[in-house]
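One chain, chain A, links the two complexes that follow: it is found with chain B in the first and with chain C in the second.
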Partner chain A sequence: MDQHDANRYSRQIRLPSVGEHGQQSLLDARCLIIGMGGLGSPAAMYLAAAGVGQLVISDFDRVEDSNLQRQIAHRSVDIGEPKAISAKRTLEALNPRCRITAIDWQLDDEELADQVAKADVVLDCSDNFATRFALNRQAFQSGTPLVSGAAIRTEGQIATFLPQDGGPCYQCIYPGDLEGEESCALEGVLAPVVGVMGSMQALQALLVLLGRTAGLAGRLLLFDALAMEWQSVRVPRDEACPVCAGRKAVHDGD
Partner chain B sequence: MPTVAMTPHLYHFFPVLENRKITLAAGSVVELLAAINEIAPGFTDYVLDDRGALRRHVNLSINNTMVVDRKKLTDHVPDDATLYIFQALSGG
Partner chain C sequence: MSISVRYFARLREQLGRSGDELDAEGIRTPADAWARANGGDTLPANTLVAVNQDYASLDSTVRDGDEIAFFPPVTGG
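Moving on, here comes the complex of A and B:
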């Protein structure tokens, strides 16, 4: 870490839970973020600002007028641009030292598996169940921690899944083939709700990179914005889960 | 008596359940859901499939721990417990 970085990240380095060693872990890290919409925008911006060295951002949609109310990585001049490209510009302006790889096409299974395996942590900021289940499978296949967030209307959910700890996965909470998909386009969403959840995803990803996962393991957080309440639900592993059952915890030195 | 709470979106479909404290006799999850259905007809159709198992996008917790038995809903909800009903979100 040079003087520039030591100064830029000084307010984080000052924290006993981060320190120079922790900040160096962030500078050395590579995060994959799937979706550059309402969740992915703040998540990527906080990770870039906090000094994560490399971000791979994936989205094949283009910026639309109706996205701008909540997808804060994009601006009015970006309408019609691929979201991955538009977000890359925002992130590079925010932190020129952060290396951004923009993927503006739909990843096939092989490409997704490759990207998940290369990442130190994956953030699921997608807007559909098919992607959520596919990412969960890939994360557990490669042993990559997964921070899964979702938000709609005035509510949100977030959970971090830690394959190496022998913890539960997304499919332990919701068995596959979900019916009744809802979209923000049809249901609506209050702008800062995705900001709260996306920022929380960035925070949980940083905790993973800092090795501070004790508070994350086996927990699902539910946010009710109207009531201003959070609920924390303990998630046991489903012993019959087709994705994670039988997986053993991997400890250093094993 | 256990208390029942749920994700706010469910009140949209069952407004009769909103703004009231729902307390029911202790029992198994399936018994409590049946009791909610008495207050809000159609509720069990929304959360259970035609075989009486929990629908895939629905989940329940008892005192903030997810229920184990999704198929027959035999988990016991004790007197001092809160049964919370929530569902998967896909938006992002």
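Moving on, here comes the complex of A and C:
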């Protein structure tokens, strides 16, 4: 870490839970973010600002007028641009030292597996169950921590899954045959709700990179914006889960 | 004694109340509690359930004094 970085990240380095060693971990880290919409925008911006060294951002949609109410990495001049390209510009302006790789096409299974395996942590900022299940399978196959966030209307959910700890996975919460997708286009969404959840995803990803995962393991957090309430639910591993059953914690030994 | 039922987010809005206190007699599962509290209204598909803040299924066992929470699924982003 040079003087420039020591100064830029001084307010984080000052924290006992980060320090120079922790900041260096962030500078050395590579995060994969799937989705550059309402969740991915603030998540990527906070991770870039906090000094994560490399961000791989993936989205094959283009920026639309109706996205701008909440997808804060994109601007009016970006309408019609691929979201990955538009977000890359925002992130590079925010932190020129952060290496941004923009993926503006739909990853096939092999590409997704490759990107998940290369990442230190993956953020699921997608908007549909199919992507969430695919990402969960890949994360557990490669042992990569997965921060899963979701938001719609005036509510949100977030959980971090830690394959190496033998904890639950996304499919232990939501069975794999779910149907009846909801969309912000149909249901609506209050702008800062995705900001709250996306920022919380960035925070949980930083905790993973800093090795402070004790408060994340086996917990699903639920946010009700209208009631201004958070709920925490303990989630056990589903012993019959087709994705993670039979896995052993890496530190179990033997 | 009784069983407390709580509704979260969209469920709370749809039902117009945040919870119910039910007589525990005859309630063995979260599904029983929902049926008692909401009569003929079927539970929305994919609703998540927690008992005493532990993730649970609709047919898990509940006891006198337990708190059951119902949460809508969320996938948007």
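By definition in this document, the second predicted complex is superposed on the first by the 251 of 254 C-alpha atoms of A that agree within 3 Å, B and C clash if a C-alpha of one lies under 4 Å from a C-alpha of the other, contacts with A are read in each partner's own complex, and residues count from 1 in each chain.
The rule is short, and it goes like this: a contact is a pair of C-beta atoms (placed from the backbone, for glycine too) under 8 Å apart; a residue touches a chain by one contact, two chains touch by 3 or more.
What you see is a predicted model; the values in this text were computed from it and never measured.
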Contacts for A:149 in the overlay, against chain B (first) and chain C (second): which applies, first, second, both or neither? both
Examine A:189 and indicate which partner it touches, taking first as chain B and second as chain C; both and neither are also allowed. both
Touch test for A:177: chain B only (first), chain C only (second), both, or neither? first
Where does A:166 make contact in the superposed view: on chain B (first), on chain C (second), on both, or on neither? neither
Going by the contact rule set out at the top, does A:19 touch chain B (first), chain C (second), both, or neither? neither
Regarding the shared-chain residue A:129, is it in contact with chain B (first), chain C (second), both, or neither? both
For chain A, what residues appear in both contact lists, the one with chain B and the one with chain C? 35, 37-40, 124-129, 132, 149-157, 173-174, 178-184, 187, 189, 194, 220, 222, 224, 226-227, 231-236
Interface with chain A, chain C side, in the complex: residues 8-10, 12-13, 18, 45-46, 48, 50, 53-55, 69, 71-77
Could you list, by residue number, the parts of chain A that touch chain B in their complex? 35, 37-40, 124-129, 132, 149-157, 173-184, 187, 189, 194, 220, 222, 224, 226-227, 231-236
State the interface residues of chain A toward chain C in the complex, per the touch definition above. 35, 37-40, 124-129, 132, 149-157, 173-174, 178-184, 187, 189, 194, 220, 222, 224, 226-227, 229, 231-236
Chain A contact footprint on chain B (complex, rising order): 7-9, 55-57, 59, 61, 64-66, 68, 70, 84, 86-92
